[in-house]
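Below is one structure. I have some questions about it.
For reference, chains read A, B, C and D in written order, and residue numbers begin at 1 within each chain.
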């Protein structure tokens, strides 16, 4: 009996851990995501108001130390004749690098995998001209 | 004498209030800003870590009710031969509209006025195709 | 009588020339436009297929020498309940600078003046990282 | 001997044809490219001045009929410590749809394949508000 309870307990524990440590999906974005450059987007919490809290770690250009990330997630019920996705926006402050980056996009299944496809803008404090402070490009994130 | 002190006190109080209620600047972004479309950006607080808290109210497309705004501000010391600006990124969640918007840009003096010049991306949950969820354009904000 | 006709003819000729050399409008984009940075956009021809030919001269970052410009203009009849504008896209090749820029936007009246409001992307061949080749920002052009 | 020469001739001819009909590369962009949405970008010619001529056919949203495409390609010699890519910009006129699209990006090898990675802006003549005429997103093109 004791053994049975122990096994049951262990089983429940493992299932719970598995759920907790599960890969993120487009329905539940919380978890770890990685992009083509090897940057890790960690969404640790999404509030009832859609507020995202997490961290971002980029090995290219900023040394890889995680920085705080904030943002929003929003969605609507699917509508006939419309393409329906969960939308996201998140941003970070690059500390002493003097810049900020914001990503805007949506989550959908691409090549069988949940994918957060984004466009980003990075604004830098110091640049050569008055007009070249903003960089842009795209980033795709898949479950890490 | 009492009257004098009272007047002095009132004067100091009014000056302090005036400073407190003063127009925002590129050095201190806190306060109310308005763009060409009549939208009001209110930056109520900027933390030591650069975190921005505030609200955003847009009369065009969303009824004008203020929504929560979060973001980041960053800056660097000026550097010889470089154009130096205070950079910002902020975003909002449009509630039941099912969308999010993020702005990215910088504050500098334009035509004599502090101006937050931004590029924005709005992502909508429902759209006609898989590829047309993201809108973009520019917004300039001046002290309200 | 002869003198009168000559004067009349001259008058008509001058008026016609004036119209021809007149400032560009949102209906007829051909002519010279200038932006906030002092760059001159010259639209010399718009084909029946909407093709734009012209030149672009930018004093900031590229020395001011005009370079060839190509692009497209398109429009639709106004539709009830819709905002209607003439849309444009044009691009240039910055020669030995190793970059290209494309502008996308539309013409409408802003503060009483025809204004081509655009978002642009500049792509540079050499940059610090694989991800920072593209710059972005906005540009507004008014009749020069 | 005659047969041998004929075979040799045929062989040379086939090789030449094969080269001619070969897949595009980042060094020579001319040829057919396809993106994730199944759109075909055909670069038929690149002038000495970097001018691109070709066609674009998109099955999603515009019926798939090819439309004329113009643009620019540019490059620089690699420089120590810099990431070096061939940059491109190209645009199309969507005829009676009343819109134009421009793509901006660069060609590099991604996952072993030549890839033109771009950011695009589509501007539409009629939209709901004065501020929502421009759509944006990213597109990756690989040899078809």
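One rule holds for everything that comes next: a residue touches a chain if its C-beta (ideal position, glycine included) is under 8 Å from a C-beta of that chain, and two chains touch if they have at least 3 such contacts.
Computed from a predicted model, the values in this text were never measured in an experiment.
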Quiz prompt | Copies chain C and chain B - interface residue numbers shared by over half, same or different | solution = same
Exercise. Tell me, please, which chain's centre (mean of its C-alpha atoms) is farthest from the centre of chain A?
Key: C
Self-check item: Chain centre separation in whole Å, for chain D relative to chain C (CA means)
Solution: 25
Quiz item: Using mean CA coordinates as chain centres, what's the chain B-chain C distance in Å?
Solution: 31
Self-check item: Chain centre separation (chain A, chain C; CA means) in Å
Solution: 40
Quiz prompt | For chain C, residues that touch 2 or more chains besides their own | solution = 119, 121-122, 128-130, 133-134, 136-137
Quiz prompt | Residues of chain C defined as touching chain B within the complex | solution = 36, 110, 117, 119, 136-138
Quiz prompt | In the complex with chain B, residue positions of chain A that touch it | solution = 49-51, 68, 70-76, 78-79, 81-95, 98-106, 108, 119, 121-130, 133-134, 136
Practice problem: Mind listing the chain D positions that touch chain B in their complex? | Solution: 37, 60-61, 121-122, 128-137
